[in-house]
Each structure stands twice: as structure tokens, then as C-alpha cells.
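Both of the next two complexes hold chain A, though its partner changes from chain B to chain C.
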Partner chain A sequence: MNQWIILFNKEMKEAIRNFKWIWIPLVFILLGIIQPVTSYFLPDILKNFGGFPEGSMLEFPLPTGPQVLAETIGQFGQIGVLVIVLAFMGIVAGERNSGTNIMVLVKPVSYVAYIVSKWLHMSLLAISSFSIGFLLASYYTFQLIESVPISYVIKGAVVYSIWLLFVTTLVLFFSVLFKSNAGVAALTLGITIIISLMSSITPDLLRWSPGMIASHSHSIFQSGEAGEYFWLSISCTIVLIILMIILSIINFKNKETVTHTT
Partner chain B sequence: MNEILLELESIPWGLIAPLVIIQLILLVVALVDCFRHNNTNGPQWVWVLVIVFGGIIGPIVYFIFGRRND
Partner chain C sequence: MSLIITEQLTKTFNGTSAVDGLNLSIKEGICTALLGPNGAGKTTTLNMLTGLMNPTSGTITFDQRYRGDRRQFIGYLPQYPKFYGWMTGEEYVVYAGQLGGLSKIDATKKTEELLSLVGLDDSKKKRIAGYSGGMKQRLGIAQALVHSPKLIILDEPVSALDPIGRRDVLELMRKLKEKTSILFSTHVLHDAEEICDDIFIVKDGKVVIEGDLVELQRKYQKPTIYLETEESIEYWSHSIKNMDWLRHMQGTKNKLTITVNDIDVAREALLSNETLRKLKITNFEIAKTTLEDLFMEVTAG
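Moving on, here comes the complex of A and B:
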């Protein structure tokens, strides 16, 4: 147990020195504030710059609270995921290239602890950034637009954070598998985009897919109830996360023992 | 002159202020790190320009691509 805490602290220290604990939460906070504020000012902006003919009486309805929250989740799903993937693409691959992991692994450190402590740290950073960003987003939505029942907001956010966990696990998995940072980032982003696109195009075929989570959290914001087959996609995602962690550990073990013996 | 002042007053500063403050924090942290960290990925002065003039994206791009971790 002791070794897990030490490895986790090492990750923590590295991320603090890299300022990851400052800039990633700040990016999420920015995204979370910008979305409600632009939705609030959208009618004004369109009126002033929309180029509508003089005297045309167009009324732009203010979006509802759940809509704004769903749009914020959409921003997190695009820019937020991009930032998380780019920030963590080198989590194993970068250490392997620079040789840091050899310094760690000459000590009697278990491979399981090495990978799992990395995963825990990444997920903690991603989830806390998301939570603080979303907290501010809902605060601004409540102030500017309208309030949404708080239990809906919390439920939706918890559901969405499972998708973020899936993304961080995917980064870790590819980072163990491949050498180049850019390859890791491209593959992870490609797969997350394909999964979410496919799930929105053919929702009937992909009821189980992790990409459905975002739409489930949207419907929770609207009505407090998730869509159909909610538990199926949640349990599938959790199983996939656990599988990917186990596969990363096995892969990492094989790669390291091969490089050590040759 | 009066029009400009009226226009400035109509901007809801209470809403914009947090954005400006966060942007400033990002900018200062990135600049401090850029000056302290001498092995940036590419020439240092280019990164200073990117951070200062890159808007919100500038500091983020620096943190992701500008630092070399060794």
C-alpha cells in the first residue's frame, strides 16, 4: 500500500511542477463560464451583428437552462477532451522515451501499482477539473438564464464523468501501446470522435456504447430521467474501463520485461 | 466621447471580469514558466509572443507543446 501512495505522490508532484493542476482546471472553468454567458448575450449579438434588415422583428428566445447545461457538456466533450488527451498523451510513452520509467522500475515497484497510480491521478485531475468547471457553469446558468433542479444537475454531471473516465483510460491504454505521443493523441481523439458520432447517427445499434452517455446526461438535465438502456451503456463503459486497465498492465509488463532482458 | 463612456458602462463588467481574471492568471503562469524553464521546444521568444498575443489559446498551446519535460 505504501508504494501506491509514493507512486501517486510522484505523479502529483510532477503534475504540479508542470502546472497541470493550474491550467487544466482553468481551461474547464473558462469553458464553463463562456457557454452560459454567450447563450445569454446571443440575442444581443445577433441583433447587433446579425445583418438583419432594419425593422425586421425577430424574437430570439433565450435557451432554457437544461439546454445551456447540455451545450456546456458539449464544449467539455470537444475542447475539454482535446485538452485532457493532449495533456496526458505522454503519460507512459513520454516516460518510456525519456527513460524515466527505468529509474522507477529498477526499484521493487509492481507494474500494477505503476499503471494504476497513473490512472488514479489522471482521473482525479480530469474529474476535479470537470466538476469545478461545471459548478461554475451551473452557477452562471442559474444566475443568467433559469435554475434547473440541483439533483438533476448533480446526477447528469456524475453520469458524464463516467465518459471522462473512459477517455482518460483510453489515453493510458494507447500510451502504453505506442511509442509516439502524437500517435497516442490522434488515436484517442479519433476513437472518441467516432464513438460519439456513431452513437448519435445510429443510436439503435449502439445502445451499449460509451458514446451514449452524453445524450443520457442531456436527458437527465431535461427531465431527471435518463434515456432508455441507460444502465446497459453505463455498465458496458465500466466493463470497458476495467478491461482496458487490465490490458494496459499486461501490455506494460510484457514490454518492460522484453526491453529489460534484451 | 460621451457615447463611448455610455457604451463602456453598458458592458456588464460583473460577468466579464472572471473571464479576464482567469485569462490573466493563465498568461502570467505561462510567462513565468517560459522564462524560468530555459529549454522550451523551439526558440523562447517565439513562445513569449504566442503566450502574450495568442489570447486564451496562447498559454494553453504553450503548456501543451512548448514545454520539454526532462
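Moving on, here comes the complex of A and C:
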């Protein structure tokens, strides 16, 4: 147990020193503020600069609170995920490429602790950033647009967090599997985009998929209820997360720590 | 009692053997050197002993008493140690100590002690990113020792150091030898001769000579006579070619190096040789060949 804490602390310290604990939350904070604020001002902006004839009776309705929250989640899902992937693509591959893992793994370090402590830290950073960004998004939505029942907001956010965990696990998994940082990033992003896209195009075929989570959290914001087959997709996602962590550990254990001597 | 025994240890990289059927036996409580030229397979061997690399074939056996995770008992300094540059030297050694099983307090205490031992007292609060190669080497030694391992494995610990650093580290190793077993690799025989008890000379992944250093020195030392004359000695040298005390001879116009079987007979024969005396001897010196000559001989060919 002690070793887990030591390894986790090292990840934490590293991410603080290279400012990951500043700029990743910052991105989520900005996204969280921008979305409700622009939704609020958009009708005015369109009215004044939209080039519509003076006095025309067009009305631009404000979006609803749940809509704004869903749009914010959409922003997190694109820019937020991109930032997380770029920040952590080298989480294992980077240490292996630079050789800094050698003097660590030659100590009696548990491979499970080495991998899982990285996952825990990464997930903590992602979830914290998301939470603070979403907290601000809810605050401005409540202030500027309309309030949404708090329980809906919290439930929806918790559900969406599982999707973010899926993304961090995917980064870790590929970072164990492959050497190239760019490859890790491309694969993770590619897969998340495909899963999300396919899930919205053919939801019937992908009821189980992690890509359905975002739409479940949308409907929770709306009505407090998730869509159909909610538990199926949640349990599949959790199983996939656990499976990928286990496979990462196995693969990492079986890999030679040193493959060349220079 | 051997700490580690390897049998037919082999490592192949895409069909070429870097280590080829190596049989080593590393004894406890002494210092063992793995000596060999560049590319001999030293680093590859050490990587397999630490478990960082998997052997292609062959076995590595540790002493019964050190069962379980062998990493507990080993401290390792890689040839090119890579650190987290964002840590300070002190933080790194404490981290390594904690990973080695020490409590935070013990690790900090041990770090203090080791950093002053390796001479990094002044820079321990600096980020490692700003360390020189020699400083990293010293830091690497400190992190290898921090959890008090039974065996320390050092891959070319002095190659990256200046002459003073080299002397410091060799001196340090001499001290460590009292308490810990040491296995280290080097391509300089002199370093091995200074502190080692056992030596394995490797070449192309194979052991060419092995044994107790003192015994090897005795075995391979041969009496040698250096001769210098004012007149050319070349023509005369042919006259002793077939003497039975002569082993080997090589020279230039005025100089001759003669390796002999029996130093007394040879000295007698040479000093009583009238023709030789007429060539006006300016130098007559008796010495012994060293392991160096042997090392050069086995590694050059």
C-alpha cells in the first residue's frame, strides 16, 4: 500500500511541476464559462450583427438550461478530451523511451502499482478538471439562463465522468502498448471519435457502447432519467475499463523493460 | 558460496548473439569485474542479471537465501542513468529509497549520508536537469546504494568521470566492498586491478579468461628483459633465436624486448655474451608482463 502512495505522489508532483494541474483545469474552466455565456449573448449578437432588416419580428429564443449543459459536455468531449489525451499520451511510453523507468523498475516495485497509480492520478486530474469546469458551467447556466434541478446536474455529471475514465484508460492502454506518443494520441482520439460518432448514427447497434454515455447524461439533464439501455452501456464501459487496466498490467509485465543497451 | 550463477546465458538480437553461452559465478562478499571491450556484451549481461532483459536462453540462479523478488537484493547503476529531470537530486534518492522499502524518515537519513559520500552535498537541492554527466553518475551510485542491497551492480561506473572523480569512485567502491558484494563492468583493466578480487574477461559475448585476479596475474606474468644498445642490435638478435630460454622477442634497431622462460639462465646467457657487450649496452632491465598485455592480446584478436 505504501508503495502505491509513493508512486502516486510522484505522479502528482510531476504533474504539478510541469503545470498539468494548472492548464488542464484551466481549459475546462474556460470551456465551462464560455458555453453558457455565449448561449446567453448569442440572440443579442445575432440581432445586432446578423444583418436582418430593421424592425423584423424574428425572435431568437434562449436555449434551455439542459441544452446549455449538454452543449458544454459536448465541448468537454472534444477540446477537453483532446487536451487530456495530449497531456497523457506519454504516461508510460514517454518514460520507456527516455529510460527513466529503468532505475525505478529495477527497485522492487510492483508492476500493478506502477500502472494503477498512473491511472489513478490521470483519472483524478481529468475528473477534477471536469468537475470544476462543469461546476462553473452550471453556475453561469443558472445565473444567465435557467436553473436545472441540482440532482439532475449531479447525476448527469457523474455519468459523464465514466466516459472520461474510459478515455483516460484508453490513453494508458495504448501508452503501454505502443512506443510512439503521436501514435498513442492518434489511436485514442480516433477510437473515441469513432465510438461517439457511430453511437449517434446507429444507436440501436451500439446500445452497449461507451459512446452512448454522453447522450444518457443529456437526457438526465433534461428529465432526470437516462435513456433506454443505460445500465447496459454503463456496465459495459466499466467492464471495458477494468479489462483494459488488466491488459495494460499484463502487457507491461511481459514486456522487457530494456530492449537496447545504449 | 556463489551469489549468482549463470549457465549458458545467451541473448540474441535479431539473430546475432550479444551474449553467447555465458557461465558466470559471482561470489558473495567480494568484488567481481566484468571486463571487456566495447560491444563485448557487458551491459546486456548486467541487464539480464537485474531482470530488466529476458535471456534468449540459459539460466540465472540466485543463492537460496535470496529467494523471491531478486530486485530487493540488487542495487543497479545503468551505464547511462536516466533521471526525472524535474526532481532534485535529494528527492530522487529519497524516492528510490522509499521504492526500495525504506520509510520516509529512513530514506531521508540514508540520502543525506549517501549524497555526502558521493560528493553531491552542494547540489542536492538542484534539479537533476541541471546536473553534469559526472554528477548524474554519482547520483546514480547513491540511488543504487540507498536501500542497502546485498549486491550492487555498476555498469561502467567510472567511464564518464574525470580522473579525480574516477579516483573518488574507485575509493568509494573499495570502501563499499567491506560491506556489500560488488559486480561492475569496465573496459579498463586498470580499474579492475585496483579493487577487484575476481575477474571475467569477456569478448564477443563469451568469457575468455576468468578467475581470481591475483592468481591470474601470477599465472600470466612472464619475466621480460628490456635491452637497449648504442650499436644496432638487430643483426645480433638472430643469434639467440633458437635458445631454449627464449619465449618471444620483438624489437627495433636499438631496442629489444625479450620474454623468457627462466630469468636466471637468460640473464646469465645475455650478460656473458661477448658480441652483445660489444654493442655497448645502455639499458638492461628486468620486468614482468602484466595482465594488460594479456588483455590486449585476447581482446585485440
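Just so we're on the same page, the second predicted complex is superposed on the first by the 256 of 262 C-alpha atoms of A that agree within 3 Å, B and C clash if a C-alpha of one lies under 4 Å from a C-alpha of the other, contacts with A are read in each partner's own complex, and residues count from 1 in each chain.
Note that in this section a residue touches a chain if its C-beta (ideal position, glycine included) is under 8 Å from a C-beta of that chain, and two chains touch if they have at least 3 such contacts.
Please read all numbers here as calculations on a predicted model, not as lab measurements.
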item	value
Contacts of A:6 with chain B and chain C, given as first, second, both or neither	second
First (chain B), second (chain C), both or neither touched by A:226	neither
Which of chain B and chain C A:122 touches, first, second, both or neither	neither
Between chain B and chain C, more extensive residue contact with chain A	C
Touching partner for A:86 - first (chain B), second (chain C), both, neither	first
Touched partner set for A:241, first chain B, second chain C, both or neither	neither
First (chain B), second (chain C), both or neither touched by A:18	both
Which of chain B and chain C A:26 touches, first, second, both or neither	first
Which of chain B and chain C A:98 touches, first, second, both or neither	both
Which of chain B and chain C A:37 touches, first, second, both or neither	first
On chain A, positions contacted by chain B and by chain C	18, 98
Interfacial residue positions of chain A with respect to chain B in the complex	18-20, 22-23, 26-27, 29-30, 33-34, 37, 40, 83, 86-87, 90, 94, 98, 144
Complex interface listing, chain B residues touching chain A	15-16, 18-19, 22-23, 25-26, 29-30, 33, 56, 59-60, 63-64, 67, 69-70
Partner chain A, residues of chain C touching it in the complex	18, 43-44, 47, 50-54, 69, 71-72, 74, 76, 78-84, 86-87, 95-96, 98-101, 140, 143, 147
Of all residues in chain A, those that touch chain C in their complex	2-3, 6-7, 10, 13-14, 17-18, 98-100, 102-109, 256-259, 261-262
